[in-house]
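Each chain gets a letter, A, B, C and D, in the order it is written, and its residues are counted from 1.
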């Protein structure tokens, strides 16, 4: 009986993953990140992974729409493409993003992963494609400080650091992206995000707070980069650091 | 007495068409789709069609503002332009969009049809006009997957498929669009939308969920297309499919 | 005592002018029309005119912030610049827009007048200035139908009609605009709006519904016009009317 | 015990600084000014300064998240970089913006200071950088009237006045900006704002109302300026004042 697992997604606590995912998804819908059921969000709490289903209007999602999966049980599945769900909502289908979210949880021990179809992300990948680019690079913008230095490193990027986000090519089936996402994670061990050409972006963090604020900062930088391109301004510049002269 | 038909638009169920149309119209107003009383929305439940009236501020619409019409009664009317309403709200006028919504219901068995004046839709038709274009075509964008393959076909378009939306020329009177909308439906049997030059777009679906999410995905693609044009990026590209190499 | 006139702005009816002005101003703030206390809104009910004060944050306005003025008493004032208020809220100042709103009420018998600082309006006046233009003209856009044909005329503009909005030059003091606004009203007897160069727009209508929806339609057209300019698309075109061939 | 200072941020009055800062920050988040924990806001009430903490999602801030500091106690601290807080919320860190907010309070007797990462502000600094500009200058736009003439001066700027906002270069550490912000305050004694290259803007005012509406007006002008640049329109023009001819 599916109802026997409802306790997994029932909590009076607004910070419970089953309540957070719907409220985050509604917020993302208003930001234009998850238009037309695209995109999604997943949260990991220890061994349990909470997943938005496929094809739901993101601003209308309810806790009872969520899938729940055990990472430990998943690890012992016969095939990586076989999913062992602790809870499957009736009349819904699992999201094709599921293996990509799992990659962030297992390869990066992320606590939350967000996938957006933000037009700014897509436009950045199109602008890069026109010049054969496989990395989004930007430096000397204050908002870059919104990103951690990398997996298991402490502290955040500095103003003069170059933020580098790898771009992978889109595949016909979203599950097939998993291999390339994992490759990008291996090649860019410090990145917290991977752009998908003509598709969107995956962003993660140690917890919901970090995943969400990194996703916001990144979307800000993508929008800024598109506007800079319209105005003929370069994404990478050489700037001499300014040093205060006053002794204190 | 008009009040004797109020039961047709009175329900405690938020998913009743008489409640859904006002809540959808308010949402569309905030998206800029139905500015200044333009645009509209209609839902069909079996034989009954619920219609927003003409000239109402869309974010302020109430269930009691709605017209209700029987498709069967309509089919036996003496002229297609004669409407037989089961319910006519006092002090309001029927929408000029009515015969266009009915075309989606009778020729496509749609459950919902949405008409927007979205500026992105209008700009796309203007950009196409400048080069004599009568179709909006775009491919290799993930959001294309948000559309069904076509009427009575199962499954959705793929990433590499080309989405084709026909453009019809605008007429001085909105009712006169009906003939051209129906022609476009005949010529493009699989389309779920028709652009109207210098006017907007009609989008439908089997049910409210599909009409609304297809309308969102289409508006996303129109906006993306306008931004791509500003940045000199083409709407149609040749891309080699990327195939995963890992065996699973 | 100022409190003795509070009954003029106290009503449980949400459609009372004293309640409508704050709710409209909040809506306009979210649309970016009345940023930083700029812009405003006034409603006339028979002889009484309700006016937003100067310098209030528009999304925070309260009914008790409103001025009330009698048109009859105003007509018998010794000087047009002298105002005879039935109600003056304590600690506030009358809006400099007051004589401009009064012009719409006395010269056009308008029931509502809206003044926005919309950036789209300002950009249109700047684009026109660059070519010495003193009129905004656009045709063959469906949204043009959102405007009445003119003062004391019945019906609305048609799709092929050219909407013409006069532009007046800005003055150092807003009250000094009154003379030029009235001149434009005389020269363009059918217009429902006057653009003010590098400043914004005044829009009116017979009642709140018409003023608000005409203001929305006009802002839509200003935004569209700016985007058309970016994309190299002309505001005025020659289009052969499309006529339906089917007899009904 | 930190709880013993909760009375400093507990009030049923919505206009109490501890309630205003969270509501303002939520509003600013929706305006895109404080994306991804960037930016912030501080209010001074006599000797007490209320400060948003570092790294909090601005739309979720609570009164209990705020720091409170005494200006008098701060003035007697051994070093300007040493902070003496009356209240420090548990588990949070002070904002790096703190000394910049204090500069507005001590050097300008401001009652409120707002720091945004608005993209329009950043783009304006980038456009200026491309031509070596160290001041944002714009004139003959009505919204300029939204600014006071200057510190301890009465009245506001006029339509024909040129608004001048200095630009300082960004530093690797936000606290290091303080010296340059104070220098700019000395060099531009009448300014209510300082742009920070590739970073954002600091805006202040005598009270919350003035800081907030000046910040809104400035963001409006930055956005307008970016759009003007896209359309090839200059920020500074020579315009003959228009004088009314009618005697009244």
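Here is the rule we use: a residue touches a chain if its C-beta (ideal position, glycine included) is under 8 Å from a C-beta of that chain, and two chains touch if they have at least 3 such contacts.
It should be emphasised that the depicted structure is a prediction, and the values quoted were computed from it without experimental measurement.
Peer 1: What chains touch subunit A and also subunit D?
Peer 2: none
Peer 1: Would you mind checking the shortest number of contact hops between subunit B and subunit C?
Peer 2: 1
Peer 1: Report the chain whose CA-based centre is farthest from the CA-based centre of subunit B.
Peer 2: D
Peer 1: Have a look at where subunit A meets subunit B and say same if over half of the interface residue numbers show up on both copies, different if under half do.
Peer 2: different
Peer 1: How far is the middle of subunit B from the middle of subunit D, if each middle is the mean of its Cα atoms, in Å?
Peer 2: 44
Peer 1: Nearest whole angstrom, what separates the Cα centre of subunit C from the Cα centre of subunit D?
Peer 2: That pair's centroid distance is 31 Å.
Peer 1: Mind pulling the subunit B residues that touch 2 or more other chains?
Peer 2: 230
Peer 1: So that we know how the chains sit together, what is the shape of their touch graph: line, ring, star, complete or other?
Peer 2: ring
Peer 1: Per the contact definition, I'd like the list of subunit C residues that touch subunit D in the complex.
Peer 2: 32, 35-38, 57, 79-81, 117, 119, 122-123, 126-127, 130, 169-172, 176, 178-180, 196, 198-200, 226, 229-230
Peer 1: What does subunit A use to touch subunit D in their complex?
Peer 2: Its residues touching subunit D are 140-143, 146, 158-160, 209, 212-214, 216-217, 219-220, 223-224, 227-228, 230-233, 241-246, 248.
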